[in-house]
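Dropping the structure in here first, questions after.
Naming follows writing order (A, B and C), and every chain is counted from residue 1.
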Amino acid sequence: MSTYAAPVRVAASRLTEPRGVGLVGIFLGTLAAWLALPPLSARTLLWPILVGILAVAAGIWTVSRGAGRVGWGAVASGILGIALGSLATRSSVGHLETVVIWSALLASTLRYATPLTFAAIGGMFSERSGVVNIGLEGMMLMGSFFGIWGADKTGSWILGVLIAMVSGMMLALVHAVFCIQLRADQIVIGTAINFLALGITGYLFTDIYGARGIPANVPEIPDISLGGLKGVYFIGPIFGNLNLMIWLSFVLLILSYVVMFKTPIGLRLRAVGEHPRAADTVGISVYATRYAAVITSGGLAALGGAYLTLGFIHNFDQNITGGRGFIALAALIFGKWRPFGAFAAALLFGFSSALGDHLPDYFAPGSSVPQLFNILPYALTLIAVAGVIGRSIPPAAIGRPYVKQ
Amino acid sequence: MADDALALELRGITKKFPGVVANDRIDFDLRRGEVHALLGENGAGKSTLMNVLYGLYHPDEGEIRIGGELVSMGSPKDAIAHGIGMVHQHFMLIPVMTVAENIVLGTEPRREGAILDLGAAEKRVRELSVRYGLAVDPRARIRNISVGRQQRVEILKALYRDAEILILDEPTAVLTPQEATELFKVLRSLADEGMSIIFISHKLNEVLSIADRITVLRRGKKIETLPTKDATEAGLAKLMVGREVLLRVDKTAADPGATMLRIDDLVVADDRGLAAVRGVSLEVRAGEIVGIAGVDGNGQTELIDAITGLRRPASGRIEIAGRDLTSADARQVLDEGLGHIPEDRQARGLVLEFTLAENLALEDYRRPPDSRWGWLFPARLIARARRLLREFDVRGGGPSARAAALSGGNQQKVVIAREVGRDPRVLVAAQPTRGLDVGAIEYVHKRLIAVRDEGKAVLLISLELDEILSLSDRILVLYEGGIVGEYGPETPEEELGVAMTGGGRKVAAA
Amino acid sequence: MLATPPAPPEGEGPGETVASRFAFYQRAGGVLTPLVTTVFAFFIGGLVVLLITHKNPISTYKAIFNGTGLNWFFPWISHADRINAAFNLQSTLLLTTPLILTGLAVAFAFRAGLFNIGGQGQYAAGSIVGVWVASSLTGMSGFPHIVLAILLGSLAGAGLAGIAGFLRATVGAHEVITTIMLNWIVFWLAGWLFGQQGPLQTSRERSLTQSNDIAPNTHLHVWWGNPILQGLHVGFFIAVAMLVVYWIVLNRTTLGYEIRAVGYNPEAAGYAGIDVRRAYFLAMAISGGFAGLAGVIDVLGWKFVLSVDDVQGQAGAGAVGFLGIAVALLGRNSAVGIFFAALLFGALLNGTSDRHLDPAVFPPTLAENLTLLIQGLVLLFIGADILVIYLWRARRRVVPRKLARTSST
């Protein structure tokens, strides 16, 4: 296939160089602010926000492809554009109220992003080692149920979280055995994993809690109240009272970056995902590495699920993850299989969800237009994998079972 | 009983695979500081033996001694621990990673216990490359450096792990003769420093020029070990093949007719957008075989792709029988009377899961009698297949057999049957005998001559100089994307070799 | 200096593409492995029943079986039972109908070496367009209206999958990722379309987030059973006809030949002059067309209206579109296999639904989840067919064989 389009691709690649995309992002950010100003004077926040998000997306993409300065510039200009645009469109509303709305929106963004961050970073371990993991959704769901079940049975949220992790790892182990040892098709098995998780959690939930639902007194993961931040302008309302798991996700982010790119473990894991035979010939066990990576991914995805039930929604229902595992997968791809890229994408996707929650105020009561914001993450990922603005390139050996000689 | 001077001893190594005994009680020993060549045809068991030694295969029988001590190789890890390094035929390098990362992978220097110390790694790589004269930039990414450099990285990988025994599997297959000469120098100096080297090859001249001793394998068995000074090319060839080898094919002088394939000033870009073919002009006339000689990676792939319509040229012109097909796609080119025997029959020539009948229809299925208005007639496919299989003497299955079930030689016959059976004006044959046994090679060669004698134009692209010399009526040498000279069929191999490295003088086109 | 990039990691395992892997499994496993797999999955499902709920798995399965209506085929059941069984069987076949089509969708893409995991989105696209066409244009007479709805609905599915096919063909974007993304885009689009003040929201009641009802003359004819109790509509025959179409297209047309060649070996197909990109695009589009058709038929056959919850609630892995993967895999991509696999899953879905399962024997809410579990297990074991193949080979290896010689070919 590749042989057909070589000259075309040469031309196209110049247009889509990271710097170019970054510059487009900066332009879009400016546009976002300008849209709300005369003579256009957009009445709703919709347009500044949409265009601003595009700017941020372009920025993230640019950063993850190595043109840091232009990229961050685009991210900043996008955020600024949204902020200015919102100020302009809501000039009638008091300044204080705007700040309140925005800090609430950003705090909400973090809450929506966190389950995605855990699952996406989990997915990174698995996929970087060469095992496709579309079972993330199922592993998250396991964490969601077993987290709340564990907390209920043991009376401790810590044990609940641990039980959640174990449940995710168990399901991941199934994925690993079938994908690595038995060399089954990784996508088929991922689909099966999702079915299984739906069945297992649905079955147990109905059997155990069917009539009454989850009791109200299940221990929850505590919020961390930072007293010192309380009065701080803007920052206080965002970071002053976040769930412990959100802070943990920041720690995980840094830790996973270090492990993946600064340690021998990460080097080996990436080698296994790029060229397993080469890794094998220098004495690295491909199977062991992949097992460890897949099981880690299950544990992390389950953590994201546990946060969902124990730290965010405080309840469980069948299929409560509702596709978050797939969004996490999208975040991972959009972030180019890198921790910070995935995190930035998760934030962006979280922001879309938060908007879906908070925006209805801006439209006629009950309007269904905010539903459209939920499309954004998927459309952006589609664009990213399609390479319209460049390309997310997966690890070379992803999806291929390794046969030891 | 252990001999101090022996770095390595293999005794009675047997390795069976389902259906074959790849190694049959092979004995092999390696002295300290010698270059010991392992010579044999494709499939003779050379690579299997070395994979056993390197811990990638587990032998069914036999023992391995290193420095006189009995060892067992459970995995490459054990082999590395025993000081064995291996340079695989297909490099075991990770394209997206740097030279230093590739070299230290698996035995990484660390600081504070867990952090990868890339600085130390790069320093060590620099030291090694200075010491052994293997210049590479430790920070360069593998995908950005030449094949010759990549091979150096492979050798450095072994040296980094303090290898005392170095195995090189067909190391010159991907190198230019110049790079090969350089490699030989490096190997010689390594051996002088006490390194023991196993050099796997099927090329006689190479083995004679680098090895101290030569062990010949044939069909999984060790035939003989002899010092190089007692060996001759003809003698080795006989040991390798088991009978006298005919190096030339019988053919009459060519009787060229009208020009069938004409290429003018062709420029073709490779996958990365760089010009791989740079201004090639050539013509092939009816009734002659024109051979294109050259080291791999000098633009052959791109040239073939351009002629066969798989890759659009950046500039220049391609004509078949006077028709301009420069920007035609593969189907148009095939329909204009081009036959194409692709380089890799399993990957490009055949759909292995298809039946032979389906494979033989791969290019004509769209036309009557195979189909009409999009409706396929399987019975007609089978009828045609039956005729072609008989005509081209394909054995191992009828029209309904799957292609995968055939031997390599018969698979190649199927490809030839399809391409020649379409009665093309021009036949492009790329590496038509790669990986075939002697009998099959003879068949392919005779067929190509027969095609020529039927008055078709044949363009033969091969990396095997012998093949080019024995089949071609005219020889063109391709070097760095350009034709650097034209030669007759009686040209000495050495002269072509020089031209293939860019050293030849241009001869006016005949 | 021109550098050839190092050889990519070698193609490992039985085959490079989904299609060739399949061919391999099929040769190695035949019709036996799907049967063994299914029995095994049911066996484990039964163990779950036993361990967790301490109910008797055999009587549970028997109750589920009776709920499927498959006992209608038994000559010995009483007249009263037969009436009941007929009703159950109609429901089962009602569910089998879309499963055949979504199974065909997945299978057709498989044959081109593509994995269409977006059947659910294409199904939704088909339903949305179907309900839109059938609920508007009320002036049209029945038959052309139905045909139009079916055509446009199938096209919607084809178009959606076609995007994924186009992206795969032009820039090489992996269809698994793109189809998942397209699924969600459609789900949220439905939320907007049928949501409050959405463009296609019903005019009946502003708080209802659903479409208008389709015109009564676009309801598909019920040919077996009582239309009030939702007997079996003619859509079943459309689905069965599509099985035939599937076989014919693949085996008797040049397009099918191209798609199979590309599925097994895209490189060789390209060398032989087949337009690989066209094949990818068409295979995905046709595949999506099957799924879209499933969507329209369900809307015209028994749903008659589409709500936001209906579309978004099916986002989970348990829906018809996703089940199509299991159907295609269990049916080995063959027309006959797909029919029986769809029947199995249709029966399972129906037999465990609260309408058909006797709650005294087993709670239907639990049984629904049991179905999911069994589906997961079936997929798992089908995916691991190679396990069976290993055992097969291991058995053969024990037989001593004459030592063959190594030779180079």
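As a working rule, a residue touches a chain if its C-beta (ideal position, glycine included) is under 8 Å from a C-beta of that chain, and two chains touch if they have at least 3 such contacts.
As the structure is a computational prediction, the values presented were derived from the model and not from experiment.
Report the chain whose CA-based centre is farthest from the CA-based centre of subunit A.
Between subunit A and the rest, the longest centre separation is with B.
Going by the touch criterion at the top, tell me which pair is linked by more C-beta contacts: B-C or A-C.
Between A-C and B-C, contacts are more numerous in A-C.
List the centre-to-centre spacing of subunit B and subunit C in whole Å, with centres computed as mean CA coordinates.
Computed value for the inter-centroid distance: 45 Å.
Taking each chain's centre as its mean C-alpha position, how far apart are subunit A and subunit C in Å?
From the centre of subunit A to the centre of subunit C is 29 Å.
Could you list the positions in subunit C whose residues touch two or more of the other chains?
In subunit C, residues 10, 270 touch at least two other chains, as defined above.
Residues of subunit A that contact two or more other chains, please.
Counting only residues that touch two or more other chains, subunit A contributes 2-4, 274-275, 277-278, 396.
In subunit B, which residues are in touch with two or more of the other chains?
Residue numbers touching two or more other chains: 91, 93, 95, 270, 310.
Note which residues of subunit A are touching subunit C in the complex, please.
So the residues of subunit A touching subunit C come out as 1-5, 132, 134, 137-138, 174, 178, 182-185, 187-189, 191-200, 202-204, 206-207, 210, 274-278, 318-319, 322-323, 326-327, 329-330, 333, 364, 366-369, 371-372, 374-375, 378-379, 381-382, 385-388, 391, 394, 396-397, 400-403.
Would you pull the subunit C residues touching subunit B in the complex into a rising list?
1-7, 10, 15, 19-20, 23-24, 251-257, 260-261, 264-265, 267-275, 397, 401, 403-409
Could you pull out which subunit B residues touch subunit A in their complex?
51, 54, 56-57, 75-77, 80, 86, 88, 91-97, 101-102, 105-108, 110, 114-116, 157, 269-273, 305, 310-312, 314
Show which residues of subunit A lie in contact with subunit B when the two form their complex.
2-4, 6-7, 9-10, 13, 258, 262-268, 270-271, 274-275, 277-285, 396, 405
What residues on subunit B touch subunit C, complex-wise?
For subunit B paired with subunit C, touching residues are 16, 18-22, 24, 41-45, 90-91, 93, 95, 142-147, 149-150, 174, 219-220, 270, 274, 276, 296-299, 308-310, 329-335, 340, 342, 347-354, 358, 361-363, 365-366, 371, 374-376, 378, 407-410, 435-437, 440, 480-481.
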